[in-house]
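Could you have a look at this structure, given as structure tokens, before my questions?
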Amino acid sequence: MAIRKTPKLKRFLTIEVPMLAILVFTLGPYLWMFITSVSPEETLFTSGPSLLNATFENYARLFDTVGFSDNLMDSLIVAVGTVIVGLSLSVTAAYSFSRFNFKGKRVLMLQFLLINMFPLVLLILPLFVLMRMLGLLDTHVALIIANSTVAIPFSIWMMVSYINGIPRSLDEAAMTDGCTRLQALRRVVLPLCMPGIIATGIYIFITSWNEYLYALTLGGRDVRTITVAVQTLIGEYEVQWGLLTAGGIVGAMPATVLFLIVQKRLISGLTQGAVKG
Amino acid sequence: MTTATLDPDISARRSALGRRILPYAMLSPAVLVTLAIVFFPMVQTAWMSLHEYVLFRPNDFNWVGLDNFRAALADEVFWISLKHTAIWMCTTIPAQLLLGLITALLLNQDFWWRPLARALIIIPWALPSVVIALMWTWIYDSNYGVANEFLLRLGVIQQAVPWLANPDTALASIILTLTWQGFPFFAVMILAGLQSIPASYYEAASIDGASAWRQFWHITLPGIAGVMMTAVLLRMIWVANSFDVIFVMTGGGPGYSTHTLPLYAFIKARTNLDFGYGSSIAVLFTIMLMVVVVFYLRRTGKAVD
Amino acid sequence: MKSSSIVGIASALALMTSAAYADSTVRFWYHFDNADNPMDELVATFEAENPGIKIDAENVPWNSYYDQLYTSIVGGNAPDAAMVKLFAQPRLIELGALHPIDDDIANWDGAANIEDGLIDLVKGGDGTQYYLPVQYVALYLYYRADMLAELGLEVPTTCDEFRDVAKALTRDTDGDGQTDVYGFGFRGAKGGHDHWGTFVLGAQDVSLTDGITSEAGVAGTQFVADLFQKDQVFPPSAPNDGFQEIIGAFKAGRTAMTIHHIGSANGMVEALGDKVSAAPVPACGGGSWTAFGDESTAVLSNAEDPEAAFKWISFLSSEGHNTTFNQATGQLPVVKADASNWTMHPERFVEATQASVPAAQLLPSSSATSDFVNTVWPTNMQRVLIGEISAEEMNANIDALFSE
């Protein structure tokens, strides 16, 4: 971006220091959680969480007795499934919204927004009955479908704005060169809006990963995501702080690692050459 | 949607029929799924709002017309919740946007630990809401919370403050938590938007001697405006609807000090099992939100065509 | 798929005769404050003793337990048996969701082993037996014996004494001008009606359904408000404090007294050792009132094989197994033999519980009770504490709820 040839010190002060400050704000509560999760349970309320006598007992218990690895698996299946379903449906729909003009476009786009405006809690009961009739209760499929519907409307809107950011002249040029429309979509538009697809994919992944109400109602004994598992640690008379915070630390990991891997693709897809072409 | 739609004669010549059908073909999977899974239950719920429907009295499903709506509009709690919903949206979203924008701009710079910073920044967003809510409740706790300890040591406050138990600070405390949870969304979305600005623009501007601020104002901001407007729109709807953090942190209390409309609908339907009344609040809320959204779309010139 | 087990609510009786013993699956819902999930052990023992019955036990998160139960009942996918509390019974009866177990109990040998009167106590409002008790507690007063001794105070037995003791215990111990210890940890968030009840419902002729708006009833609520606003013996966070806050503050030495039950005794001893002790709650307005904390099991009316379901729930309330169950939940067993051999809690807390039982009361058997517990009480109490409404208004709102 803008600041190119500034001296090292100035860059340090204007970029790295503010970044560090934001990270402190971001990670402070997370670190506090980590410290809680490694503190011995009996000292939490007396001397408070501390790194002295740190123990990883809570993590061991989480996986051995609570069965957190199964929950992680369920969450992962649901989240990845939702990303696949959600991205493929929303990218095609967004392309259509961005590149075509057709009757009912305005209404259709608004209906996608409307869907996400209605408080979810009131949709639960009818959806529960629907899934029961389809025989899908307590399956991954039910959760993938339900989470997709939550994610798709937003994803479409996000993707429309990213695709709009790509000059129309590019895919038209490709079509002049003999590509069909779908080829132009695949070869020109998709690579160019990769940053947008990644951001939307992360959005869908996280939305699905953190979803609780559907996971509780439509899941069950066989499919139990981490959000539901974490809730069972909040009892009637006792909160299992150690396990809960350990669950939170572990629970935030997949999305973070995933983002660490894909963030490299979050770089400009628009090289100079492409614009000229 | 800044570019005008359609032009080319080229594609027109290609296949007129295909062009008419293709957009619908590409849309139909997404539309069908959402219609079946959300729209249908939504209509059912709207239907419920016209009835007296208390879940544990399934036999008394009586048509009451608009009685539930009349009751809601006469309900003191409805208006209190509406006020809080408005405050809540008007503070949380700008705060998230501003912080997210700064973060995205910083994350778009080159520094050696950028990959790590990018990954770490999404942690608040990647945590389950219930964990966030409990963690912050603990941080805010007036007896052993770290927030009070920290502020006391700094000398900012003289006495531990019961952040969540005091009606004057409860809503603000929750807004801070939500800002923390939500700004990474803006950061990631804007960061992705920044990538669509060709580097050549900046190079040209640098050669012309434009200052960093002018570059930001004339190149960066217009370049991400579309993405930013959409992100704000989506966040508006999301924030308006999110109540899980409030529910866990205060349950809407003390008194009604942190009630928002979706939370009120949730409590009515899920806790009091009064689905008729809960549905009517949800319907009213959705209508109001729709009005705000349409107004927003008009104002930002993002009308859908 | 479990949808095969769904049957109409009314057809339970017809099914009873047709139910075959072989290969029944009982879907059971429960909630435990115990992450190590000792339910597996109970299920394994049961399945070994009863070949042909399979138990599908599902641990449902407590804070969504009843929402989820009602949703599944109305949605037609309810479990066959579930752990349930008394406050939910009126609603479940109205829903027609419970299966009567009078005959099953009459034919069950284990019934005689249950603590006297408990089975009758959990009878439905319509005179039918649906619930089978599985554990119980009675709330009592936790106090810091060391602080009372240091100040030469006695454990309060009446509200007047309570007020004086709480004031004396509220102290600035390190001389920095800030209060370090508060006399009483009051639970102002959901569930705190147990505390309020002690100060209000002990009075003569005052109950939730009758006389709550009388002078004595209002005086009780005012007493609570005064403790907070005038005497300042509750921590300032009291309006929003739930059980974890009151227990946490007590363990951390920030409060000197609070009201809770034996379920938290072991945690407190771990943190405070001999410094913590317990006694029955003080008598207020001339009588004593403390909450009876119950947990029962019930067979639901859509159970495919109610006999098998009863076998399972009665197994949980039988000798030995009831101990295992309560070791998991940290409460007290309902089986006499198990209770007399109970070693899980220090004796002083078991004794305090037993001494509290005579004053222990149930909430009214009305479908308004759930709303009282979940929304009406917490909201009104918080509004009183933060000065938005008066004690009269709060009691009038409660009266309005129950007279609906």
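Order of writing sets the chain letters: A, B and C. Residues in each chain are counted from 1.
In this text, a contact is a pair of C-beta atoms (placed from the backbone, for glycine too) under 8 Å apart; a residue touches a chain by one contact, two chains touch by 3 or more.
Note that the structure is predicted; figures quoted are calculated from it, not measured.
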| item | value |
| --- | --- |
| Chain whose Cα centroid lies at the greatest distance from that of chain A | C |
| Winner on C-beta contact pairs when A-B is weighed against B-C | A-B |
| Centre distance in Å when chain A and chain C are each reduced to the mean of their C-alpha atoms | 39 |
| Whole-Å gap between the CA centroids of chain A and chain B | 14 |
| Interchain centroid distance [CA atoms averaged], chain B/chain C, Å | 37 |
| Residues within chain C bordering two or more other chains | 74, 248, 252 |
| Shared interface positions of chain A, touching two or more other chains | 45, 125, 231, 234, 239 |
| Shared interface positions of chain B, touching two or more other chains | 144, 270 |
| Parts of chain A lying in touch with chain B, wherever the complex brings them together | 1-4, 11, 15-16, 18-19, 22-23, 25-27, 29-30, 32-33, 36, 45, 48, 89-90, 92-93, 95-98, 100-102, 105-106, 108-123, 125-127, 130, 145-146, 148-149, 152-154, 156-158, 160-162, 164-168, 172, 175-176, 181, 192-193, 195-196, 198-199, 202-203, 206, 209-210, 212, 226-227, 230-231, 234, 239, 241, 244-245, 247-248, 251-252, 254-257, 259-260, 263-264, 266-272, 275 |
| Residue numbers on chain A that touch chain C, as the complex places them | 42, 45-46, 61, 65-66, 124-125, 128-129, 132, 135, 137-138, 216-217, 220-221, 228, 231-240, 243 |
| Footprint of chain A on chain B - complex, ascending | 1-3, 5-8, 10-11, 14, 18-20, 22-24, 26-27, 29-31, 33-34, 37-42, 44-45, 48, 99, 102-103, 105-109, 111, 115-132, 134-136, 138-139, 144, 146, 180, 184-185, 188-189, 191-200, 202, 205-206, 212, 215-216, 220, 223, 226-227, 229-231, 233-234, 237-238, 240-241, 244, 262, 265-266, 269-270, 275, 278-279, 282, 285-286, 289-290, 293-294, 303-305 |
| Chain B to chain C touching residues, read off their complex | 55-58, 141-144, 158-162, 164-167, 170, 250-257, 267, 270-273 |
| Chain C residues within the chain B interface of the complex | 67, 70, 74, 91-92, 94-95, 178, 188-190, 235-241, 245, 248-249, 252, 254, 367, 370-371, 374-375, 378-379, 382-383, 385-386, 388 |
